[in-house]
């Protein structure tokens, strides 16, 4: 635990000393809950259509796949046509693209970013590194299997997959969303303990609350 | 024309005053300053007397030679004489006081130099 | 009636009697001394009673049974009676004070003291020149003896200081006596008499050599007044002598010598008056200037004594012009000076250390602090003391006669004097107190208290006299002032009782008088009285006795009430001074407010002097005038009156250039004081401007329309105030600068000189009172709880202090003028007002200032209440109930005023019609219609409310399940915040703005005033080096003085 | 000039038209921007999808009361601004709720939403939000100045503060528009307009890569949906003021659509051509170029 | 380059000069002469820029009883010359004098070397803080005796069904099926 997160005694302006425990005082410790859709199916379907047509990707690049995402914004591929946009903050994004190998250090950040997104939210694993470690299969420092740590809705294979493959992948994701099958966030909430155990197994210096609201 | 005695006395008086003032301003020794003041005091007294002097008259003492009746025409103005007496007395008092001061100052500071007593300033 | 001769006889007899007593029975000797002095005092008092109450004629006493010129005669008149009473009383009290020293010194010392007092009495009574000389010499001799009373014989570095001082005194006396004797004898020679009246009748000046004779005498006697530069010796005496003797030397000797000069001027006639004036004014200015860099208390008092004597000499020199009021003025100044100086010298004897800052020890004794305040107020000529009346008369008469240079110099010197006196008071109140305890022995404190009592008695007397002479009400009888002063007597009560009394008093006074005000004044009356009572609610949060708070606060409120009730220039000015002084004491109470309180009082007094000068100019010789008749001031003087008054009032509204006192003063003041001095006090300046503009309207100076100049000043004030507020880290300073800006707006409205401009100013007056009081209270409460005023050290307090937050939120919405709250009303009226303005350019600046308000307002609320909560502040509680309560009342008021602004404005609008018939508002139903636009506050409030509620309801339905998170649950580029301190973006909040606009915030004004103050200090410091401490130099100074006067005076 | 109940459905109708117009216009403008970059850009109905999606998100967080209320303030500000100004000249139906106040009300109500939003963003505790607000307020404080001066010049020119009267004075031919009767004021106002539209070169406030979108960093879900709604309304409401003051107002909806679009395009064209200013650069730019024009307009009137 | 080598040789007991390119050469010297040599190069010869500081673990080679080789690569901007000074250190309990006072950037390199190789640089600022790894709990991963595959298998869940092929034969089969 980092020193700034340890319990400490501080003295208030009135001279009274009291304890501050950052993990309790500064972070919300509620666990995630399963969120159900609208009660009326047609409404939920309508929402799902909107969700599919408005994919907001978190501008977060890991590994070499990040370089493959840039061309999507260019005139050549123009992903905006498909309702795909990039958002700079996880609060407003609902699609996290893990674009390549994920070192344990980055995993921690990816988990944070994922947890800070609002449900329903989707994860796309990009390239073989996210599937089975790819060329980093024996690396001391990268995870081999992304779905151990967060619910993945879709993998796009290749090392690296071309932007066209990404577009195809996003189209497939849209189908999943429209069909109501992209419920990764609920899956994460249901199997929260399992995911946390997996995450904590590889992240040795766990210095954040269990769920980053 | 020869200056009258009154004029002479007055000139002397003023010269004495000036000498006294000069001495008081230039001599740094306390005692010399006191002497200088005495000189100027004397000068002042002489001037006073000289002013009161009237040519050809006598001292304003009423005795056998000057009777009360014709005193007004025979004696000089008695007021300056009276004044000068008082002035001398007072001058004496002040001089004594100054001397006492000088003594005390010397006792305490072992110096009679006026320029040494400048702690109080500005 | 006892013959005045017995005054002298009694002293002489007692002195002889002392010689007969057993030297060892010192107690008995002391008793004899006291009895003699008491007897003399009684005789004088008896005479004074007879002259004032029974109105008897002056009495001549012929010694030796002959009439002058054959014998010496003494005269006892009103002046003589008063002066001898002063001398004898000072002597008596000093003798009491000197109990230890006299008992140790024995009968001889007592005899010297008696002789000294007797000689002073003689100087006053005698009508014979030579007798005068004798008494003077007696004074010299006895003084030289008494100087030695100072207890510095027991070695140490300062040993023998009084000895050398005494010797220097003797040196100069020798010169003086030589001159005096020569002068007397020549004068006698020329006129044949020694009697003063005889000589006056003989027209000495016409006789041969008479001029020179008189010149010599005059120089000698004037030299006893310690004129600049022939006064080094006196300063050394003041510095080194025993304070009780200094008291005599300053109060009694000074008074006697002045009277001697007065008598002498009888002989000299009118042609010598300008010379006396010149000597006086030069001395007054120089001594005050040299006092500035002083750090030694008694020497400072010495300089001040010299200055005061110089001032009285000026008055004597202007007797032709002042005529019958000369005694009133001269005595007013002289007696104020004498009582205060004697009291201060006695006070100085209670303290061990001689640095000004060491007077902080006096704080242990509130009574002595009160004494100090009384003396300072007397010296600076503050109401209700005699000096105030005297200054008023003096200035009016001088202005009436066109003596503007002299008038300016007198005011300048008085301002400098106030500067060092109040600085000293600041030290006393604020500097770290030494551990020494102030001995409180009765015989030493007694004289001080008698002086205090005398001061207040004289205040009453002069008020009474002024009533008799000029038909004024006695200030001390004004109900508000009495109410304020009564708190002095109640100061031992617990604070909450006094607070309740104060509130009750203010509300009661309002209820009693509210029918007497016209709508314009009614608004101010409500703000001053009801508003003041409201702010006082916050004072319940302070426990204990809170010594000194209530007299000061009530004095301020009393001043303000008297201000709006004033109908004559005199009442107005007196009220102005009272509120200034009261607020100064209030401001000074802040922890670190010493320098700010000083600059406040200096600017305020400077402004007050300008107002005084303006009134004097307008009065054109009359002792006072109706405020309404300002309109009738004739052409050449009118614009100048306007300028003087306007600048004077603008020191209070902190217009640009005169604003530098405000931020510190308001920021450093106590929590419940800030709203008083900001929300309420500033309005006094605006009220002044209103009175001025209503009466005088537009004025032109050298073809420049002065209201246009005002427009520029107001606009720049608004801009700079707002801009400076943006860059403050200290929350209260931010609010203070914001006040400057807001006052700029209000002033702008007034200067527009049209109907809506005035209405806007009034809207600002009301709004500014409400929201600035509220904001200062809220911020003060926060600062109280968090222990800091630096905003970047706070943050995230919204959850801990929700009520304060609400107050600040409502406050900033109102300040920024965003609808639907009341600030918008002000802006709306403002835009309508400038539509009909004839001069538009300054509006550009004002437009620029407008949006800047958003910057600092957002910063205020964000950095305190939003953002990240710090570790240490996690357990902070909501501000105390009594601080929150008024805020909530203000919130309610703001909302009410937002919906129904007509409540207050309708009547004012109607009232303004008589001054500005054009361009009023039309109040139709809920809509307010002007010539250009319209505005419906009720509709706005409802529409905004409905939309807001609808949208809010929508959000609540959609978003009902929102998870409440804590402060570090923020997206942080997938990292986490380190600590709250590093995450709270607050310090230098507007860094980019500073880059762009920072050049406008260069402290030009501060630098200007600093340089001015430095220049004065340097001048004083260089000038006082003239007094190099060498007795011969002092002698030379005297001769030089004579020569200079000879040539400059053109004799 | 007085309230009647029928005004409420009329106002809602205006609101409905403007919201939809705003959504489509926003997408259209983005498409134009995309075409400049040789892209096709978003579908024209994209904003609806985004809005529905954001309303349809299942979770949200809140940092506190002000955070919750921020978007409410924002949208209230937008709607209020729209409704306080008559939309269509001469139409009783679409004069909205302008009986409650004149031009000044509209000018000051602009800040209602801004202030509320800033407070909400402030409570999120995110430094980027604070930095964004600091930049935004700094920039606006100077950008508003030329506009305010121009408005004052126009009000002086027509001797009224009532929007309706100002529009009325411009009727009767294009030559009567303020644009031609007082070109200096219009020039000043349009320069100020650039600064208030949050488009390049004056969009450092929301600098997406540097301080991820500034003040709304923490906003999401339905909060964001409210803000998106406001984004459809607010620029139009602001442009309506410009249109009424400087470009003769609109007597019918087609004219309204056209004029709003064209005025909007001014900032778009400038935006796609110029890179971004830093805050102090934009302040100086306004001070040097726009403010003197504003002063000139006041002097000339 | 040779001229420099000769000048240096006269002062320090340098090993052989290994010339990689015309303007890049390496030489080994005993640890105790490193600092004077660096100072000389920096102050006298104009090699003012520390290009890099890196380590090589000579585990398998058995060379001189398993050593770390530190390479200090310096650059002479004016003449476009690079020279690398190499020192050999024992592998166990290795400490090395810090040169962060000569080049402040060295501190960063030294921090990395400590984390990745376990070479200690006492007094180097922040040398004990985590640099790249977070919460590392094994022997430093760049040491050759660290078994990375074993570590990976122990620590991370591998996806079942993964096969490894030799790229050459695999591609041949893909492109020319049945021709091998």
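Going in written order, the chains are labelled A, B, C, D and E, and every chain counts its residues from 1.
In this section, a contact is a pair of C-beta atoms (placed from the backbone, for glycine too) under 8 Å apart; a residue touches a chain by one contact, two chains touch by 3 or more.
Predicted model only: the values in this text are computed from it and were never measured.
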| item | value |
| --- | --- |
| Starting at chain D, fewest touch steps before arriving at chain E | 2 |
| Intersection of the contact lists for chain B and chain D | C |
| Chain-chain pair with the highest tally of contacting C-beta pairs | C-D |
| Remotest chain, chain E as reference, centres from CA atoms | B |
| Rounded Å distance, chain B centre to chain E centre (Cα mean) | 108 |
| Gap in Å, rounded to a whole number, between the CA centres of chain D and chain A | 35 |
| Rounded Å distance, chain A centre to chain B centre (Cα mean) | 113 |
| Residues of chain A touching at least two other chains | 89, 91, 213 |
| Every chain pair meeting the contact rule | A-C, A-D, A-E, B-C, C-D |
| List of chain C residues in touch with chain A within their complex | 785-788, 871-876, 963-969, 971, 974-980 |
| List of chain E residues in touch with chain A within their complex | 132-138, 141, 146, 148-149, 151-152, 155-159, 162, 164 |
| Partner chain C, residues of chain B touching it in the complex | 17, 20-21, 24-26, 28, 30, 33, 37, 40-41, 43-44, 47-48, 51-52, 79-80, 83, 86-87, 90-91, 93-94, 97-98, 101-102, 104-105, 108-109, 114-115, 117-122 |
| Complex contact set, residues of chain A against chain D | 35-38, 46-47, 49-51, 53-54, 56, 74-75, 78, 80-81, 83, 85, 87-89, 91-92, 94, 118-120, 185, 213 |
| Chain D residues touching chain A - in the complex, by the definition given at the top | 34, 37-43, 46, 48-50, 52-53, 56-61, 208-209, 212-213, 216-221, 224 |
